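Quick notes on the structure that follows.
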Amino acid sequence: MSEEREFVPKIVYFMCSWCGTGGAETAAAHHLRYPENVIPSRVNCTGALPAVHVIRPLIEGADGVVISGCHPGDCHYDDGNFRARRRVALVKSLLDTLGLEPERVWFRYVAHGEGRRFVDTAAEFNDHITRLGPNPLKTRSDT
Amino acid sequence: MEEQAFTPTIVGFLCNWCTYAAADSAGVSRFKMPPSVMVVRVMCSGRVDPLFVLTAFLLGADGVLISGCWPGQCHYQTGNLQARRRTTLLKSIFDTLGLEMGDRFRLSWISSSEAPRFVQVVKEFDKQITDLGPSPIQDELFL
Amino acid sequence: MPNESTVLIYGTNLGGYRAAYALGKRGHKFILLNRGSYVDEEKYQALAQLPLDFCWICGHMPQRAFKASGAMQDCYNAQLLAVSGEAGHFHVKFKKRDKPVNNFACTECDQCIEVCPVEVGEGKAIRVVPEAGWENCYVIDFEHCTRCGACEEVCPTGALKVERPEEVVEADVGAILLADAFEEPSDDDLRDFGLGQGPSVIRNSEVARRSLLTNFVRDSVRLPSGRMPQTFAVIVTPHFNRPGVEYENYNLSVSAIYRAIRLKEILPEAEVTVFLHDYRGTGKGHHQWYMKALDAGVRVERAETLSVVPDETVEEAAIHYTSLEGESRTQSVELAILVTGQSPPSQMEELSRLTGVQADENGFCRLRPFSCCETDVDGVFAVGELTGPKGNPETVWDGCAALTEMQRYLGEKNVAPGAAPSLRDVAGEPTRVGVFICSCFGQFDDRMDLPGLVERARALPGVSHAEIIEGCCTGPTIQATAERIKESGVNRVVLATCTPLQKKGKYDKAVMTAGLSPLLCEYLRFREDVIQVHTDPEGMLMKSLALIRGAVEKVKRGRHVSPLVDTFDGRALVVGGGLAGLTAATEIAANGFPVVLVERENELGGQTKYLDEEQREYVKGLISSVNASDNIACYTQAKLGQVEGYAGNYHAVIETPTTPVSVDAGVIFVATGAQESLPQGFLYGEDPAVMTQAELAERMKGGETADHVAMIQCVGSRTPEVPYCSRLCCNQALEHAILLREQGAEVTVFYRDIASYGKTNYYRLAKEAGVSFIRFPGDDVETGYPEVRRNGAGLEVVSEGESHPADWVVLSTGIVPDAENNEALSELLGYPLDYEGFFSSDISNYPYEEAIKKLTKPFELGSNGIFPVGLAHSPRSFEETILTAKDAVGRALVVIGKNKMPPPNKMFVAAVHESLCMGCGVCVDVCPYGARVIDEIERVVKIRPFLCDSCGSCVAICPNNASYLQDFKGEQSVAALDALLV
Amino acid sequence: MSDNGIVLAAEDGVEAAFIGWLKETLNKNIFDALLIPVGTPAGDSFAYLLLQEPAILDSASPLPPVMPVQGGKAIGRLTMRENPSKRIAAVVRPCEARAAIELSKLEQAHLDNVCLITLDCPGVLPLADYLVDPVAGAARFKEASAQWDRSPMRPTCQVCDHFSLRQAPGCDLHVGTLGCPDGTAVVVAGSSKGDHVLEQMDMGGQDEDEQADFLNTAVTDWGTQVEQVEEAQTERRRQAQEDLREEIAGAEKLLGVFSSCINCHNCQRVCPVCYCRQCYFESAALKLPAENYLARAERKGALRFSPDTLLFHIGRASHMALSCVSCGACEDACPMDIPVGQVFSLLGDRAQKALGYVAGTSLEDPLPLVSYEMDELHEVEQPYVEVYPNQEVQDA
Amino acid sequence: MPEGATSSAFASERLQINQGAEETVRELLRSLLESGKVNAVLALGRTGGPSGGVAYSLFRDPEAFGADGDALPLLPFMPANAGGLLSRLTLEGPVAEPVAAVVKPCELRAFIELVKLSQGNLDNILLISSTCGGVYPLDMGIDGSLEKKLPTYWERMEQGELDDDVRPTCRACESFVPEGADITVALLGEADLDTQCTLHLNTERGAAFAGDMEGTTVSGKRDSEALERSLDERKAFREELFAGVGVGLKDLIHTFGRCIGCHGCKTVCPICYCRLCYFDSQNCERPAGFYEGELARKGGLRVPSDTVYFQLGRMAHMAISCVGCGMCTDVCPADIPVSTMFSKVGAAAQAVFDYQPGRDVTEEIPLRTFEEEEFTEVAT
C-alpha cells in the first residue's frame, strides 16, 4: 500500500503530429497540468506507429503506453487512425493472450483543440497505471 | 563407347587483360582447339569468387578453368595472387570432403602473348576432364 | 498596362480562407481584411455549421509561410472604405488597426498575462485565445484594460503595444473577393424557441463551443444545476422559424442527426428526439447517417409547426408542435438543443454601396447566372455564405472556383519563393550533437534549472555542445541561433524550444541558415511538454532530460539527403464532354494550358434533354468555345484506353475510331456524368399517363397539362439499392408543381421528405400555391411507397389505404451512377468509388461529406491529380455541376505547370531499402496517396516522392523496416524510444 | 466447393492409387511437373522435389511422417518472383497449402499455374523424435495415421482443426481419405482450376450416372465424417489452448517459457509466412551501441544478452500471427524444445479472431492490417464521456 | 610441438588462492562490480526463474555473483558463443568503461577473429577464461540432466579428464587452453577445485584487475602434464570423429540431405558476421524460370534448392576462421554433424595456410593477404 503511493509509473504517450500534438499544445496554452512522468513521443500519424514500438517500451521500462491521434474522419492522412485502431487491437490481443496486461495500452482520440481531453487522458491513464502497479516486465533482466 | 561420345562442359573464367586476350588471338590465328570451354570474361582472376566455381559445378559444369596473368603481371598488381589463395582454399575444401571437383578445376597463368599456351592448356584440361567423364553432380536431385 | 496580381479578400468565411489558400499556393498576393480583432473571432461560425465537434480548418493555412513569402497581408479590425477603378485595376482604400500583439514577434511567453493587474473573471484583461489554429492570439479586453502598460514593458520582443494606431491603407488589386462571415441568428431571431428564456434551451453551436477542449462529452450538455439531462430535443429551427429570419444550410438536418447520435453514444439511456419538418440529407452519406440514427434508437419527429417554452427556473422545456397530420402535441424535455441556420448577411448594404454588388430578394449577394462567384460587377466576386445558404462542400468549393473565375482579371503571379540556403552534407564527419535549450528570453529560468539541464545534456554520449539560447522565433533570435550552431561546429542539432506545429518553419530556417538539413535536427516542444504543463522542478528536469536524450539518439542517426524535384505536366486530360467536362476544359484552356477532351458519344454536350433553353444555350456556348480554342484537342467517339503514371506525370492512351492517341497530362478530370434511374413498377411504361419529371417537362413544353396530377417522390432513391438522396428531384418536382398550379391543375405530392434546398424556398411557394402534400411512411421502404392503379379511364394513387384519383402520375426519379462505366474507369485510374457508386470525394468522406476538414485538406496531390466533377462525383444541379468543375480547376491551377516542384515534404519523404524489400506490396495497399508502386521487374517498391505526404503508414506496416521515412528510420526510432525510458 | 470429384480405388492402398493417379496426370500432360515430398537418399528424411519424371514418383510420399520443410515455403521459393510457365501440381498438407495462400496474398508466391492438391492430414511426428530412428518413426507414423490416432504426432497437429481443406476455396484439389472404405479416397475440386483437372482426368468407363451416385455417396460419407472429426478437434484445440494459456500467461510464466531461447531464430527462418529476407529483429534497428545495452542492464540489474528475446517473440507475433497457419514448423526447428508452435498458434488464433480473419483459407479476404472498416473495434477506443475529475489538471 | 601448444599461453606469474574455483571467480567478479572497476560482466546466468534456462547476461548488480546469485560463470554450457555477443556489444565502438567477460577458449578465439574482421573492439574488455573441459550439448540444458551431471564433470576435470557426455566437438577440441586471456582460471587437471584454485594473470590488465585477490603469487615453470595428456586424448578422439564422417559426393549428400534449410548454423556461428547472409540474399532468390531450366536438365530437383551450395559456400566463406565451437551442431534441428564437417574442413584449410584462428589479433586472416611465392603447385 505504502509502496503503491510511492510508485511513480513511467508512461510513454504516443501522439500524432497533428491532433495529438495539437491537443498537447492547446493544453499548454491553457496552462493545464498533467503528471511529469508522462513522456510524449511524436509520430507523424498513429497509423505510422509500428506494433513493435508499442511492445518495446512495455519490455524496456514503461509501465504503460497511451496513443492519441485524430478523431475518425479527422486523420490528416485520411485513414491512418483507422489502421492504427486495428494495429492496437492486434497488440492488445497478443498481450492479452500472453497475460501481459493489455490494459497497459490505451488508445484514445484527441483533436487539436482538445487540450482538456489531452490532460485528462494523461492524468486518467496515470492514475489507472498507478493503480495497476509496476509493469513486471520492466525490471526483469531476462527479457 | 559412351566415353567417346562425351564432350565435357568447361567454364573458363578468363582475366580480361591476359588470358582473354590470349584466347582472342588464339581465335584470330585460327588455332584448333576443343569447343568445350565456355568463356566467361572477368576483369581479373582476383574477381573469381569461389562461389562462381561452386555455382558452375552445381549447375552441371564438368570442369572449371580459371586463368589470369602471370604473378607480377597482374593489371591490378596482386589480384592473381589472391586468386591463388582462394583457389588453394577451395581445393583444400574439396579434397577434405573427397569431392573430385578438386581435380576438375584448374588455375593457370597465361599472358596475352601466349595464345599457343592457352590452346595447350585448354587441350590438356579438356583431355583431363574427358578422361574423368561427366561430373557426377549432374544427376543429383538432392543438392 | 498589365493587370494587378494582388487580390483583396474581404471577410473570413470558409470560402474566403480556401480562396486565400489557393491564391497563396498559386503565387498571388492577397490582402485579408478581417472585421474581427483577431484571426478568427468569427471562428465559431464553423462550429455552428460543422456537424463535428472538432475543427482546425484555419490550421490548414500555411499562414507563416505565406507571410514569410509576402503572399499574405492580414489586417484586423479592418473596414473597407472605398473602391475605385475597374476589374484588373481596382484601387481600394481600407482602414485597419493591428492586433495589440504582433504574432510574428510574439514568443507566447505569457509574461504579459502574468504582470497584468486586472483580473477579469477567471483570467486577466489580456488573455490568450489558444483555439485558433493559426497561432495563439493575445487579445486585450479593452473594456477592463487600464492601459497601465505593464504588459508592454515586460514584453521581451516589443511585440505588444496596447494602443495601436488606426491606419488607412490604399492598395491596387486585380480583383476583389467578398467572403464575409457566416452570421448566426440572434437570440431574438430564435425567441420562438425559447432561447435565453430558460436554462434548458441551448444552441448546438454552444454545445460545440463547450466541447472545444474535450470533444463532445456529458459535461457539454450538463445542466446549470449540474444535473445530467435524460430527455433531449434536437430541433432544426429553420424548418419552423418565421420566413426570412434564418436560412437552412444544406447540412443542417444531418448536423441534427449527428448530434442525436452522439448524444446516444454518451448517454445510451437518454431519450433523444430530433424535431424537423423534413430530413434534408442531400449530401454524400447523409442517408446512411439517418438510418444509423434510427438504429441507435433516436426518435425522429416530423412537425408542421413548432415552438419551445422553457420553464424559467425548472430545467425543463415544453416542445409544442403540430404533427404533419395537423394534430397538436406537447413534449417536455430537460434540454432542447437548437440546430440553427444562418441569418442573411448584415454587411450587404455596405458592400453594395462600396462595390456596387447587388443583393437578391433574400438579402444575399446576387451572382450572375451560371457563375459560381461572379457578382454583377466585373472583377468583384463573392463566396460562401454571403451568396446564400450552403453546405460545407459548396462553401469550400466556392473558394477554389473563385480562383478559377478571377484568373482572367489577374496579372502574372507576384509571389516568388525565396532561394533555398545551401546545405552541407555531413557524411563522413564524426557525429557532433549540439543541444540548444530555449530560455524564452529568460522566461523559463525561474521555472526550472536550465544550467543544470545543460550540464546534464552536455554529458550525454555524442553531445559535443550544449547551451541556453534566448529564443529561436524572432528574426534576431533565429539569426543568433544559426550563428551559435555554426560557431559550435556541431553537425546535429537538438532544439528544445516550443511548438514545432506552429514554428517549425522558423526552426528549419535557423538550422538551414547554419547549413544543416532539418533531417539532422530534432525540435522539442520544451514549453508545451514541460514548462507550461508541469510544476515539480525535479520531475521537469527528469522529463526534459529524457526528451533530450531521445532527440539526441534520433539525430545521431540522421543522414543528410538532398530533396528531389519533379515537373508537373501542364497538360490536362478531361474525360467526358458534358457540362462539367466542357467547363473544366474551357477554364483550364483559358489559363493557357493544353487540354485533351475525350467524349464517348459522337458529339459534345452530354445529356441536354433535361435542360431548359438558357441552360442549352449555355452549353452550346461552351461547346463553341471548346471548338474555337487552340488549346483544346477534342476526341469524340473515343474512350480512355489505358492510363499510367501519377499526378503531374500521367501517360494515357485514347482509343479513337481511327488510331489510338497517346496523351501526356498532369491532371485528369473525370466528368463522365451519371444516369436518370428508370422507375420500376408504378405502371410506368404500361400507362402513358405515368411519366418521369423529365418527361413531364417535355410535355409541359408541348403545352400539355392535366386536371389532377399526382407526384411520387423518392422513386428509386433512398432505398437499400440506392441508399442516398438524389438531391435534385424535390426542387424539380416543386417547380413543376407550381407551374401546373398556375395552369390550374390540382397537384398532390406524395413524399417521404421534401429535401428542397437553396435560397428560393420552393417548398413554401408550392404550399402557398396550393399544392397539397401527403407523406407516406418513408422509413419502411418495402411497404412505404404508394401504389398506382388503373381506375376506369384514369389512374388512382393509393397511399395508406386512401385512394387519390389522378390523370397524370409523375414519378420523381433519382440519379444513379453509370455503374459499369464508373467501375471500369475506377479500375483504370486506380481511383476509388464511394459506397454510392459515384467517384469518391477527393478524400475519404467519413463521417460524411461535411467532415469539412477533409474538404479543406491542403495536400493538393491527395487525389493523385484526379478530379471527379459534376454528376460523376454526386447528384448535382446545373449550377453545382459548374461549381464542382471550377473548384477542381482551381485546385489543379495550384500545382499544374510547375517546372521545378519539390516533394510536398521536401526531404521528409518515404524511402525504401531495396535490398530488404520483399515487394509484398502491403505498403502500397496502405499508402493513402498512391505514392508507392511495385517495380514488377525488380520486385521491389519504388517511391513517388511527389505524392508522399510522409505519414509513415508504410513504415508501420513494413515488417522488416525496408520502408522508412528519411527522419523516421528504424534505428532512429528504437534508439530514441529506449532513451526516453532510461 | 464444387460437386465435381472422383473416387480413387486400389488394392494396394490409397497412397499407391493416388501416386498412380498423379503419374497419370503427368502422362496425360495435364501437369508439366509435380512438387511433392520424396525420401532423401540417406532414407532418413524427406524433401520436396520438383519432378517431371513419373518414375521418380515411386519414391515419393504424399504424406511423409515428418515435415522437414514447410511445403508453403517450398512453393514460395519456387514461385516467389513470377508465375512459373509450366503447370505445376503441388502435393502438400492442408497447413502447407494455407501458407502458400497467405504467401500469394503477400506477393511471395504466384499460384496462377500452380494446382494446390491437399490430403486429409493425420499430422506429422516431431522431427526430433523421428530422426532418432527414422525406420521406427516411419512405422509408428504408418500405424497411427492408419487409425487417425494423433497421439504420437506433434502437439500442434494433435489439435489441428484444419486437417482437411475441403471447404477452402483457395485449395484446388483435395484428396479425402478420412472415413473412406479401405483403399479408396475421394478427390474433390475446390476451384475451377481443380474442376478442369478432374474433367481432363475423367476416364469415363462406367456409366456416368452410376458413377455420379457412387461418388455422391462417397463424398457425403467422407464429408460427414470430416465434419464430426473437425468438431471434435475444434473442441480439443479450445481445451488445449485454454490449458496452454494457463501455463504461459503472465510475465513470470512467459519468461519461463522463453528462458532457454538461444536466439537462433530458427523459428522465424522456417516459418512459412515469415517471408522477410532479413528479419526486423536481425536488422540495424536493434543493433545499438554498448551504452544502450549497459543503460538497460543498469535499470534491470542485468540484461540478458543477446538482448530482446521477448521482444523478438512478441514482435514476430505482431508481424505474422495474423497469417499463422499453425503448421508447427517453428517448434520442430527449435533446438531448445520451446513450445513456440503451440504459443504462436494460440496467438494466431486469438489475433485472427479479434480481427475476423482465418489465415490461408481464401485468396480473396484482404490481409487484416492492410484493410479496415470505418465502424469497428470500438472496444479498443478508450471511452471518454466525462471530464476526468482530477485536481492536478486544474489551472495553476 | 605439444609442450608449447598448451603452456605458451600462460604467463609465468600465477596467483594461488585458497578458495574453490567457483567461489574465487564469483568473488572476483563481485568485487570488480562492487568496486566499480568494471561496469558490467558478461557471463552465464539463470533466466526465467528456478524452472528456467541458462543464458548469457550483462550483469550490473554485484549480487548476481553472490552465493545464490543468478550468475553461473563456470557452468559447462554454451547457449551462445560469447565471442559473437562481445562483438554485438562492441560493434559500434569500444565500451567506455571496462566490461569483464567470462568466456571459453573457443569463444575467446571467435571474438579475436571478429575483431580482426572489424566486428568488435577489444578495448576495455577484460577477458577471463579457463582451461576448458568442454561443455554439455544444449538439449542437456533443457531436461535438467545438466544439473545432475555437474559433480561428475568437476570430478573428472580434477583428474584432467572429460566427461563422455560433453559435446563430441569439445572432446575433439585441441585448443582448450585459452590464448590471449587476461586472466586464465586453471581448471582442467587441477586438484581440489572446490577448495583451491589458480589464476593465471597473463596480462598487465589481468594483474591490475585481479591483483587484490587474496592469494600467493607463484612463478616459474608449471606442470602442464595433465593438459598434455588431455591434448593427446582429444587429438585421438578428433581423428576418430573426423574419420566418422564419410567423404565423397554421395556421403556429402547423405550427411546434409536432411538439412531443413533453417540456416540456424549460420545464425549461431560467431564467425558468420554478415548482417544478411549471401545465401539468404536476392542472389539466391531465383525466378521460376531457373527451376524450370534445372528441371529440364535433370528431370527433378530439390526445392528449396541450394542445400549443398549453402554448406560448401559457407565453408568457403568462413571455414578458414572456424574456431570449432560446435554451436552449429548444437543448434541443428536435423542433428547434422555440422561442426564436425566444418572443423574438419577448417582444420585442413587452416593447416594449408598455417593459420590458427583467434590465436593472435595481429595475425592476418589468410584470404586478406598473400605471399609472392607460395602454392606454386596450385597454379600452372
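The letters A, B, C, D and E name the chains in turn, as written, and every chain counts its residues from 1.
Keep this in mind: a residue touches a chain if its C-beta (ideal position, glycine included) is under 8 Å from a C-beta of that chain, and two chains touch if they have at least 3 such contacts.
Keep in mind it's a predicted model, so treat the numbers as computed, not measured.
The minimum number of touch steps linking chain A to chain C comes to 1. Shared contact partners of chain A and chain D comprise C, E. Chains D-E form the pair joined by the most contacting C-beta pairs.
Measuring from the average of all protein CA coordinates, the nearest chain centre is that of A. In this assembly, the chain whose C-alpha centre lies farthest from chain C is B.
With each centre defined as the average position of its C-alpha atoms, the distance from chain B to chain E rounds to 38 Å.
Rounded to whole angstrom, the centroid-to-centroid distance between chain C and chain D, based on C-alpha atoms, equals 49 Å.
In terms of their C-alpha centroids, the spacing between chain A and chain E amounts to 44 Å.
Looking at chain B, one finds that residues 141-142 touch two or more other chains. Counting only residues that touch two or more partner chains, chain C has 214-215, 217, 461, 535, 846, 915-916, 926, 957, 973-974, 978, 981-982. Within chain D, the positions touching two or more other chains are listed as 40-41, 47, 49, 51, 56, 81, 252, 255, 259, 277-278, 280, 283-284, 287-289, 291, 296-297, 299-304, 309, 319, 369, 374, 384, 387, 395-396.
Annotation, chain-chain contacts: A-C, A-D, A-E, B-D, B-E, C-D, C-E, D-E (touch as defined at the top). Contacts from chain D toward chain B in the complex involve residues 38, 40-41, 47, 49, 51, 56. Touching chain D in their complex are the following residues of chain E: 39-40, 42, 45, 47-49, 51-61, 63-64, 70, 79-80, 85, 88-96, 99, 138-139, 141-142, 250, 253-255, 257-258, 260-264, 267-268, 275-276, 280-282, 285-289, 291-292, 295, 299-305, 330-335. Those residues of chain E lying in contact with chain C across their complex are 96, 276, 281-282. Of all the residues in chain D, the ones that touch chain A in their complex are 245, 248-255, 259, 280, 296-297, 299-304, 307-311, 314-315, 317-319, 321-322, 346-347, 350-351, 354-355, 368-369, 372-374, 376-377, 379-382, 384, 387-388, 390, 392-396. Taken in their complex, chain A has these residues touching chain D: 30-35, 51-52, 55-56, 59-61, 72-73, 79, 82-83, 85-100, 106-109, 116-117, 119-121, 123-124, 127, 136-143.
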